[in-house]
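Right after this note come the structures.
Shared chain: subunit A. Partners: subunit B in the first complex, subunit C in the second.
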Partner chain A sequence: MGLDYQTILWNKHKKVYDKLILAFMLMYLLVFAGLTFTFNAQTTIETLIIRAFGTLAVIMLHIILAIGPISRLNTSFLPLLYNRRHLGVSMFLAAAVHGVFSMIQFHTLGNVNPVYSIFTSNLDYTSLTNFPFQVLGFVALIILFFMAATSHDFWLKNLSPSVWKKLHMMVYVAYALIILHVFLGAFQQETSPFTIGFLSIGFVTIVSLHLIAGFNEVKTDTKKSEKDESNWLYVCRTGEIEEDRAKIFTVDKERVAIFKYEGKLSAIHNVCKHQGGPLGEGKIVDGCITCPWHGYQYLPGNGQSPPPFTEKVATYELKLVKDKIYLNPEAFPEGTEVKPVNC
Partner chain B sequence: MITVINSILTILGIYFGIGLLFGIYFFLAGARKIDPIINDSKWTVRLLLVPGAVATWPFLISKLFKTEKQ
Partner chain C sequence: MNERKDFYIGYIDDVSPATKKFLKRTVLILALVILTTAAIFSLSQQPFANSTFELSNETKISGVYHKSPYPMLRVEVEKGVYKNILLLGFGKFGANMYIDALKAKEGTLINRRLTIEGNLIYYNGKTLLQITNEQKITLEPERSSSKTDLASVVGDFELEGEVVDPKCYFGVMKPGKGKIHRSCASLCIAGGMPPVLVTTDSNNISEYFLLTDLKGQPIHSDILPYIGQPSKLNGTVEKLEDWYVMKIDVSNIEKLNKNSEIY
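Showing the complex of A and B:
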């Protein structure tokens, strides 16, 4: 937990992750250049840069969009989810290189403003097949700029988590525009079946992953739970929760995180007060529930951040019948002390 | 169509033009008014945040007015 803002929030793991991103990008560009000069030696350096960075950005965008549903289907991918922002900014930089070089290559030779030229060099806006695809790429790049520019924690806090989230959900609009941009570009400028083939596979994969993860979440959230005579809800057996980890359980559309630690069980509201992170996807570190997003911490017994921090979340009462965990669906006020259940 | 394009690009130009001016103000003073915690951070943090200020200036200006009123 930190009080001030850092230029880039790096730790040991994030540095490794960023080095891997950089290595992947450099490797891809080198392989792309090598293949291009081997099979199409007359390609100009400008065209190579445009194509290499454009395809790199599209691949990275697919990885970014796949990380969310994959980590919901398999929690071992969660570290990728928490480090996704740096990947997003790197993808924007690759897309920006593609965009700037495309503008230089195709729109700076005349005496018309290059941005104006993007919109007016092809005015066939009513055509489906000859639609000016560069406009779609330009709009997508503007959206990606908004997202990359507001990726710092300062913006998450000061735009408010809900505005920030809405802004960053625009990635799906950008993705749709990019898919159309590449499809139309490939259709109008080249006849290679590979571009359309790879993009189709990517699109189907992203849509499928989102649908599967979405159905799974709906199934979990709407799962009817067994009630006991006092209307407490059955959660799971103690053995189903790993040590220092939590099980997320939904009560009246609110998610509750039930943590197991030091032979005890405690339940708190799943949403971190800092920026809405999923506490139940975090773990117990130094006796505190630690949010996986920014490391904000809460004591499991009372849902309060340790001093000098003042954040509080609602707590819930648990009981154990043999090894079956039951939860009282009525939440206590934020920060209420609740005796942990021994298990 | 040309009229529509001209209008869109003019609005875009004005938006980012004002955004750039606001970005300079944000770097020099605005960031501190919006979130005083940034006083504890290096100037490089404010510099890194300038593109975000250029992009979201209408939201930040309304936030600044609300802060001033309080």
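Showing the complex of A and C:
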């Protein structure tokens, strides 16, 4: 993993995933074009392209944004998350076709530069209904461009996962801009209760999924736990953790994953070094803690990825009082060997 | 299914039957979502106008050139019946640059007979011609004895409608009006296209007014803030054969806060 970032890791699932992305995109464009030519044949090719790709991109963006929270709520959806990046890049390409065609159509062959024209050809910045909506789409497209351009693991490594994560959280800014772009733009003129209703439902769904998933996490994070005399925290009883699985436990806002395997218990920091996936929702496979998102692996005893990989996460000390598990809230440095407790 | 027992690892090819079944169902549902959205977005587009732009077809038109105050070619379509073809430039520019280039060589073109090869744009009885190159304008030797003053005053009116750029409105783009098209229309009019007021009455009959200032001179940049929005205009209307011309004071245009009703 860590060493292999120069090449995209190809495998059967990614290929199936990519084929499905392509097939779905083509299907969307063909159905959109077919119905338009059948029922509204006076369209122009340019308008058809602008609209088909714009709406395709916005649908893809909704799917992308739903995958995160939905797979936290139901882990069966995790396979959709596995190759979400390619979905993201494809969405950017669709949005770029829409944006670039719009720029060519509406802003080139004039007396000013097209980018300057996007910002100045409508100056009603103080009006809501007449707002220069194309500016919003333009800024969103720039954000999506930076995300697509840095989507490769090369950038994840070189920007550091936390910077990368912050950059990729900008997708929510882009999403907000795009929703405004459509509601203050096309929907002001092409007003149809179906499209407006549809995108409104999409927006509410995305927001609710995030709120529900977030609320579930806050619930685990704020659970109070009792301390013993030496300030170790009570986690749970051994019987509450399934074999090869973990319980996620929060200390001082940091989540810790306590794994049970082969009659032993080990605790490591919950956050995967790859893209911050929840290790505690993973599983022990071939003796390694395996991240549920993209399968990065760590040894339970020392939080290190097995050689040749070099990722390391912090480890924690556990003790057992009868069948009650206690955790020392002080983390050890990343990759520190800790003897598992037997249970 | 027991989802806790099932653990998907992307780079391991084997997938449990339960995961496989779940994924198949998910893909099917996604396919339905994609089909439904394509149908919703495609079918809820408003009807497009049956306007035409002959992008790949050039037509030769002969007529008498005049500027009232925008470049036009007066063509006799049948004995005694004239049509004024509005001349436009390539891209988002007016026709003046081509006309001026020829004028520099040949002297004034007003009231002279020209043959122009260009791309036709037409809709609802109006015809426009895109000129892409000054080489495509030829000056005919014969002098015309055509009338010079074609316009006759109709009266003072207050009209509600929308200011559009005629090139896009009459065929190049769909929709060629309103908010979606506003930026483009501003560029076109700033680049020398004549601004045109479109009105539509309750019987869906549209009229078209070339807008000029009170002295009858062309307006371009002053009208930019009013383009593509329902507005109320005051002015003197003149009839120019198949077109109307309206002389207005731009500062008296009133923006109406309502939805577009033209077409």
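Structure notes:
We take it that the second predicted complex is superposed on the first by the 258 of 343 C-alpha atoms of A that agree within 3 Å, B and C clash if a C-alpha of one lies under 4 Å from a C-alpha of the other, contacts with A are read in each partner's own complex, and residues count from 1 in each chain.
Definition applied: a contact is a pair of C-beta atoms (placed from the backbone, for glycine too) under 8 Å apart; a residue touches a chain by one contact, two chains touch by 3 or more.
Here the structure is a predicted model, which is why all the values come from computation and not from measurement.
Applying the stated contact rule after C-alpha superposition, one finds that A:336 touches neither subunit B nor subunit C. In the superposition on chain A, A:150 makes contact with subunit B only, not with subunit C. Residue contacts after overlaying the shared chain place A:112 against subunit C, while subunit B stays out of touching range. Contacts of A:121 after superposition on the shared chain: subunit C is touched, whereas subunit B is not. Between subunit B and subunit C, the partner in contact with more residues of subunit A is C.
When the two complexes are overlaid on their common chain A, residue A:158 makes contact with subunit B while staying clear of subunit C.
In the superposed model, A:42 lies in contact with subunit C only, and not with subunit B. The interface of subunit A with subunit B overlaps its interface with subunit C at residues 123. Considering their complex, residues 9, 11-14, 20, 24, 27-29, 31-33, 35-36, 39-40, 42-44, 46-47, 51-52, 55, 59, 63, 74-80, 82-83, 105-112, 117-118, 121-124, 129-130, 132-134, 185-186, 188-192, 194-195, 198, 242, 245, 282-283, 285, 290, 292, 294-295 of subunit A touch subunit C.
Partner subunit A is touched in their complex by these residues of subunit B: 1-2, 5, 8-9, 31, 34-35, 37-38, 40-42, 44-45, 48-49, 51-52, 54-56, 59-60, 63.
Here subunit C touches subunit A in the complex through residues 1, 3-4, 6-13, 15, 19, 22-23, 26-27, 30-31, 33-35, 37-51, 90-93, 173-175, 178-184, 186-188, 190-191, 225, 229, 257, 259-260, going by the rule given at the top. Every residue of subunit A that touches subunit B in the complex is listed here, in rising order: 3-8, 115-116, 119-120, 123, 125, 145-146, 148-150, 152, 154-155, 157-159, 163.
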